[in-house]
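Given below, in the form of structure tokens, are the structures.
Each of the next two complexes has chain A plus one other chain: chain B in the first, chain C in the second.
Take a look at the complex of A and B:
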């Protein structure tokens, strides 16, 4: 019910095209778009390119989460790491990561490697910042209690600090997830030979606009559903905190 | 003295990175193609500045990004107020905003290009489409959070609805709106650059992708340095504007950070 306006928008779209108010060359009808999307799905093009994108996004994001969280926790836990890495993180954080697209291409070429590296570099710092803030905000009383009960420093880190830092890390990962989609689509649109972003550009240059609209909608809604799914998942996983 | 150190400290890390870059590039561990020397890149920027290429590209990119940002700011604030106060607007736009916010908007670039062509209008429209979301959501949240006591007092003193919006709601919501604008500005710059990379033509993004196609690695790295500096300056200017506009607000009086 809440999403009724979306349905309305879809109906308006279909109506203006059917009534001939806009040219079909500029806006294919929604039914044509759906048909073209179904065809791409059946012929496997959507799966092949989707798999390529999923692999790049998944690998880059996974690496960013592991390295980013480890770095953030280390910065919060060991003062020397903070002194060395802190200013660097601060200087690099506002740097727009999409600007690195041509550089990753220079380094690793047109294939998977350049996209994975780009997503890794772009998504790491939000996770680092989340892990850093989360670790620092862990209550000292919890740490002292665990220490007095005989836990070693690493034990405390694993059993007390990490769980306490999880919500902030989860927030950082949410930002990283959204960035993954943006960086993936941007880099595939600009330089790639496979992937959903590539498919959009390829279909557009070939003038197959109904199919292009279909892939654009697929990518946009994938981004939307990934975010919703992630929030559900985190809510479930962190239910013990509430 | 302590203040001086605090002012200089962030620059030291930048200096350290610059030095590490230069030394690493000179060490021979990587080819000059993979990582040109920083001095080579700076010389390149200097040459581009001398020939006027830099001013031309930078000017175009800033023009597109800031034009898009300005439209996104005005339309976003207006839309935010409308959604906050108008039932019909809220019914229509609330779901669209919540669905559109997490979407990778850049995927729509080829559609915008199909409609508006390859020139400035396309790029600016892409910037508006991407940068408007943080402004709308910030304005909406800020407006809904204005204390009711303020509204009641103003109404009691005889303020009209129009005066209420101008004199009470807008100032009260301004800090959060400014935060939305501060999020939107870097987005505007980077979306503009990505659009230039895809659509080609002049501008920092276009120049970078051309350099990349011609395997001109100093050109690519020059672009990165220029974009990083442009982004940094824009972000700092925006913080200045915030401090100026919110000079009356308690947040400005408090020390920025400890």
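Take a look at the complex of A and C:
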């Protein structure tokens, strides 16, 4: 029921094309798009390019989460790390990450490596910021309790600080997840030989617009689905919050 | 080699000429403690009483090893304090339970650090959950418990590792009057059954007289020990709190604290 407006939009789309209100060169009908999508699916192109994108996005995001969280916690925990990394993070945070596309290509070429590096660099800072704020909000008494119960200095980071920072880290990761899709598709559009972004660009240049629209819809759906899945996962992981 | 001829340890906690300066990130430094000396015997129940800002919690944190000793000395069983340890259990006013762990897992935390077998951990955790009357709430998260239940869980977590000393930082200060009274009675019962030294920070005169064998009254800014009052009441008497002797002690200590409370305002 909640998604009724989406259904309405689909109906309007189909109607304006069928009634000839919009040229089919600009907007193919939804039924044509669906047919083209089905063909891409059957011939395996969607799977092949989807797998390439999933691998790049997954690897880049995973690296960003691990390194970003570790960096954020370290910055909040040790003043020296903050003094050194703080200004760097601050300066790089507002930079449009897509500007790094040519740089990562220059370093690692047209393949997977440049995309993974780009997503890693682009998605790390939101996680870092979340981990930093989460660590700062960790109650002193929690850390002291753990220490007096026999936990060592470093052990406390894993046992207490990380779980205490988890809600804020989870917010950072949600931002990073959305950024992953942006960076993935735009980098694949510009320079790649595989991937969903590449497929969109390739079909667009070839003038196969119904198929192109189909891939665009697939990307949109994947982004939505990933966010939904993530929200559910976080809900389960943070079930201890009242 | 010269053999050490240290006398047998008479006092478990010895604080000598301890001063501590509180340095906020912004604003002026405050001398939180000045030349504080205190000695506590094993199994003694001592209350640290004073207005807010008199440094009584700071003294507790220094003994706990959470803050570095700057001037003066603190010795635990003869050895200078070097950081926190499971010999000194702590209970905080706001419970400090790990919110992502269930009651059972909270109580088990210290036992995990002791590298006990898993069954032994579970057995001991369960025993202490029963001791504080939380049977049936083992799988609850702290956010699902009332204040009194949270403090019971925190007490069980601390007691489970069997610390020799119990440092309590206004442990019942966040509870309503009825729960507070119940918890006082239970703490007293636990203390009678298990041989532990208790250092109990409070600003509640009645609570201090009710629980402690000795009440150490502190003054504010800078925090100093103003007086030490021995309490020799027969606590086996259930109506002790209505007795004239009890009221007299409360009066005596209240008179000591009053000036400080006014100064601290």
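Quick note on the criterion: the second predicted complex is superposed on the first by the 242 of 242 C-alpha atoms of A that agree within 3 Å, B and C clash if a C-alpha of one lies under 4 Å from a C-alpha of the other, contacts with A are read in each partner's own complex, and residues count from 1 in each chain.
Here is the rule we go by: a residue touches a chain if its C-beta (ideal position, glycine included) is under 8 Å from a C-beta of that chain, and two chains touch if they have at least 3 such contacts.
All values reported here derive from a predicted model rather than from experimental measurement.
Visitor: Applying the touch criterion given at the start, work out whether A:158 contacts chain B, chain C, both or neither, answering first, second, both or neither.
Guide: Neither partner.
Visitor: Residues of chain A touched by chain B versus by chain C: which partner has the larger set?
Guide: B
Visitor: Please work out whether A:47 is in contact with chain B alone, chain C alone, both, or neither, and reply first, second, both or neither.
Guide: neither
Visitor: Quick one: classify A:78 as touching chain B (first), chain C (second), both or neither.
Guide: neither
Visitor: Once chain A of both complexes is superposed, is A:223 in touch with chain B (first), chain C (second), both, or neither?
Guide: It touches chain B, and chain C stays clear.
Visitor: Considering only touches as defined above, state whether A:38 meets chain B (first), chain C (second), both or neither.
Guide: After superposing on A, A:38 lies clear of both chain B and chain C.
Visitor: Between chain B and chain C, whom does A:87 touch in the aligned arrangement: first, second, both, or neither?
Guide: Touch status of A:87: first partner only.
Visitor: Over in the complex, which chain B residues touch chain A? Could you list them?
Guide: Per the stated touch rule, the residues are 9-10, 12-14, 16-17, 33-34, 91-96, 99, 102-111, 113-115, 186, 189-190, 193-194, 197-198, 205, 208-209, 211-212, 215, 217, 220-221, 223-224, 227-228, 231-232, 235.
Visitor: Help me check something: in the complex, which residues belonging to chain A touch chain C?
Guide: Per the stated touch rule, the residues are 139, 141-142, 144-151, 159-160, 163-164, 166, 238-242.
Visitor: In the complex formed with chain A, which residues of chain C make contact?
Guide: 61, 64-66, 83-86, 88-90, 92, 94, 96, 98-101, 109-110, 113-114, 141-144, 154, 157-158, 161, 163
Visitor: If we count contacts the way the header does, which residues on chain A are in touch with chain B in the complex?
Guide: 2-6, 9, 26, 87-88, 90-91, 94-96, 98-103, 105-107, 178, 181-182, 184-186, 189-191, 197, 200-201, 204, 209, 212-213, 216, 219-221, 223-224, 226-228
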